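In this document, chain identifiers A, B, C, D, E, F, G and H correspond to the written order of the chains, with residue numbering beginning at 1 in each.
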């Protein structure tokens, strides 16, 4: 299944659960201070577990950086 | 029949033709350089003759004045 | 003997010693922080005693006041 | 005889009359619109003829140029 | 000596013409017709200003005379100015659009100075309503000259939409404060391809010259002339100032420097 | 439409003349003759500027040609300007007085633009030497127009001494910075009874207009015209700007306000 | 001598606090966290500035390190600033609203500095999109602080809508041009009842002091500090300047006059 | 967070000290003692200003009390300021020299703020008399700080003569007009090697900050503090403003640009 993750194409071979996709992306980093949008809708952290991704979904994983 | 002419109430006792209402309002003054709107729609001069007014119609008769 | 003291005419009936003229002018006030000029020349405090005034001498007794 | 003419040393072999020194300097150019100073004093044109130069005299021959 | 006009004719001095939509103007000054002491002074001031286009307002025809709402067109009868009606007094796109259409009908011109006011203390435009009205009027075939903020983004939108010019304000209408933010005007001039007319704010001749030196294409003014103690004389001052500013802009001014640069020659000083 | 000249002739618009000593000038612009690309451009620029008085410098007659020190009087042969020689390049009263006397002899004029420079980076005047030279030249019958600081006290002294005008600087010579301190110029204009000519600093047309609007009587400039990319055109711009500024000054401008004041009538708006 | 802090404590000098929505701030300076030479300098500068609220941006989490997109929250770990996320980089209401919601989720704050940019050369706001985004976010419970033009009409709309403050620009972001139009800022301050924060444009300390003297409630800056040669020192300069400007505003300055007014006493001069 | 004082102590922020003749000052603000509502307010304001040197005038000792000519030294009894007597009210070199000598005798200091006034409407200096008095006093061993025009040539002469500082005016005394000609002040700062103190003209905090950002070494003020509605608070504002301006000057500000420069990162925006 193909999704777009932070603007880049990603093939999901394993689970299509949002939670697992995020965990895999974070690669061991703690999931603090981040937010996630699925197809331009926020998915709160407590829903990551319930959210299955579909073909062509667009996922954004963001956090706060230095800004003015 | 009651209409509003340039913001003021007017009772039409005679004709309800727009043309005649205008002529009466102009009181002998030539109808040059003026424009007329009926209920916020422009009525070109050539249509004044064909246009009958209805109860509560709002007529605006305007011209150009000094402006900045 | 007439002198001018701070711009005002003064008749000296008694001593014409500068020191005494100053003391009299100060009227009990301590002679600290003041300076004296006789005919546009400074007279240092230690010379007041030695300085006799002459007819029409001009004496200035000044001190520091608020200034910008 | 040595003089200074417009800041430059000049040896006078012939006449020491100011008039002739000027004429020689002008080299055929008409003496209009010029002024002459000898040792920082103006010498009017009518006096050029009467004025003899002395050793080390300083002569300035000036005219008007473009200026702001 | 040759007169300025003569100099221009000989081709020594060329001042570009102003082109808005399909009209060409020699004068870069657009003048309002309001608030003069009397019609005679107005006509003389318009003459003195050298303007070729004047603004008028659209108001209800009021049969009572002497109320300051007489027909301007009658006053102008023998004059040959281009007429630019405005939508002054309109606070919504709807009012402004209707007023523009009435103007077109009354004056047989599809040109409109589009004003949509947002606030009666500042008379600053309402940006959203202005954009809406511009769009509608452009779709309806109008030549739209919008009075707008000195905001590059709004001006860019108006230009992209198809307006014939943008008319950013120099300062509040009638304030006489001059060009309060020359930087914004300069930015607008640089990023927009259509004519930029400074509308409102000019108080005196140097304001007009300065605006023109920023490269704008023209100036629209009213109060600065009509409200001066001597309107006709001020009109002439403005005419000259606009020309002066434009010529200076086209002449390529000397650069600014902190220190001096002698104008007279340094060599040949006596005693040196 | 009547031309500006026509308007003035009809008496509708009157611009006062400038009187310095016993001469009267219609033009309020005095122009320097230095640093133009070439003599032809200079002559055309002088014409375009409308000036009636031009400045020249006094320099050693140098028989080598092509050195920029040619006789200006030959260039001007057929022109009829009043000539105002300057003492540019002088750093002491003594040099300046001698230069003034040479100028009088060479040019048959007792008018002198008195410059006594204090520093070659700023070309600001040396006040003490200037006062000394002024006094000497006045005693010797000169009509003295001193180039001075924008210092009210120095200007007052020069006026009281008998100078024909004071010529405070707007900014350093050739800097093009405009009128850096309009307040001082305004104070000088208010407390002095003789003509005030702003000398030096003007960079572009709006600077000239602004100076005139402060009420000064005239402007002397050189670099702003000669150094522009198009000197002749800039000369015309300056002519117009000086006239515009003077007319505006005499016209009584509208007051400045923070808020707006509608120029179009408020009554009779449709839908109201 | 008593320190400033001591003076304030004794009640001799009181500086009002800044209240935005339900938060109260002693510091009137909001500081951006971007473009410092390194995180250590940033932290020291934030300390030196005395700020209590800092801005951050929301960006895609990028697992490649050393790209300037590291988590700011980790850098700040031990610090206790209020965090004001921004929507920098958004060009539409839609993007800005989504970014605001992501910020709320990531940072557990409903405060948002709302930026909707209209043009990437000027970084001026897009007024229409800004109004739209403000409305949506207000409806969704956000505390909205919009970055906007110095346009009184837009500011009034934003205030009427329920924004917690308006943040008009002083000059383009990062331009360091100062308060280009103090008149508009003054008008905005007078006609709006909510806090006015000048956002963008400040270049140096006097700009900040001048803005505060116009009566605005605070200043948001980033480049002026981060881009200075010595950011920590400049941060302190800005802290002091904001305090100085605010105190001066509250102190009631002397009026401006063209002429002098002796400060020393006139009587009792010797020889008089 | 560390306080400003703490930051300076740690060596992170260093502000250079001001050295005039042989004295070193931490504060760059010299404050006048005249025209406060009452002596108590004066003392509190002096404290709040952080000044280390205050000016006083020399006047005839008048035995009538309550005339504003009381001894300032008694008011100050427990304070430890350096005292800088002035020659305010003197119109000639002779008066000023005598006043300076009286001051030296009365106050046991050879420091003098030399004022020789040329005109009582502007209180501008008389340049010739000022130079004369400076020379005499320097020969007599005084440490001379002359109040002078913002004239680079006069300042250079005063510096070359041996004055300990030059004190050009920013605007007329008591006018509150700020630094009317920052260009001249900047030129003076660049061409003179001794301390430059701006004396007179400052009206509010931003004026003081701006002056310091030009690189001057200090500011002398009186009316701006004493005449404010809240003098003590304004004194603190001025203290902070002078520090802010100096720190900003030493910090190396960002350059000014016409266009924007994003402060937030451009990469990583969502949806991009």
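Convention: a residue touches a chain if its C-beta (ideal position, glycine included) is under 8 Å from a C-beta of that chain, and two chains touch if they have at least 3 such contacts.
Because the structure is a prediction, the values reported are computed rather than measured.
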Steps needed, at fewest, to go from chain A to chain F via touching chains: 2
Chain D to chain E, fewest steps along touching chains: 1
Equivalent of D-E within the choices B-F, C-H or A-G, defined by over half of its residue contact pairs recurring: B-F
Approximate Å spacing (C-alpha centroids) for the pair chain A, chain E: 55
CA centroid of chain D to CA centroid of chain F, Å: 34
Sequence positions of chain H contacting 2 or more other chains: 32, 34-35, 57-60, 62, 68-69, 86, 88, 98, 102, 121-122, 124, 173, 177, 183, 187, 222-223, 226, 258-259, 262-265, 268, 270-272
Shared-contact residues (touching 2 or more other chains) in chain C: 7, 37, 60, 62, 65-68
Set of all touching chain pairs, with the criterion as stated earlier: A-G, A-H, B-E, B-F, C-G, C-H, D-E, D-F, E-F, E-G, E-H, F-G, F-H, G-H
Of chain B, residues touching chain E in the complex: 6-7, 25-27, 29, 32-37, 40, 42, 44-45, 60-68
Chain H-touching residues of chain E, taken from the complex the two chains share: 183, 186-187, 258-259
Complex interface listing, chain B residues touching chain F: 7, 37, 60, 62, 65-68
Touch list for chain H against partner chain G, complex: 1-5, 7, 12-13, 32, 34-35, 44, 47-48, 50, 57-60, 62, 67-69, 86, 88-90, 95, 98-99, 102, 120-124, 172-177, 203-206, 208-210, 213, 222-224, 226-234, 236-241, 243-245, 247-248, 250-272
Complex contact set, residues of chain F against chain H: 118-119, 121-122, 124-128, 131, 149, 151-154, 156-157, 171, 177, 180-181, 183-184, 187, 191
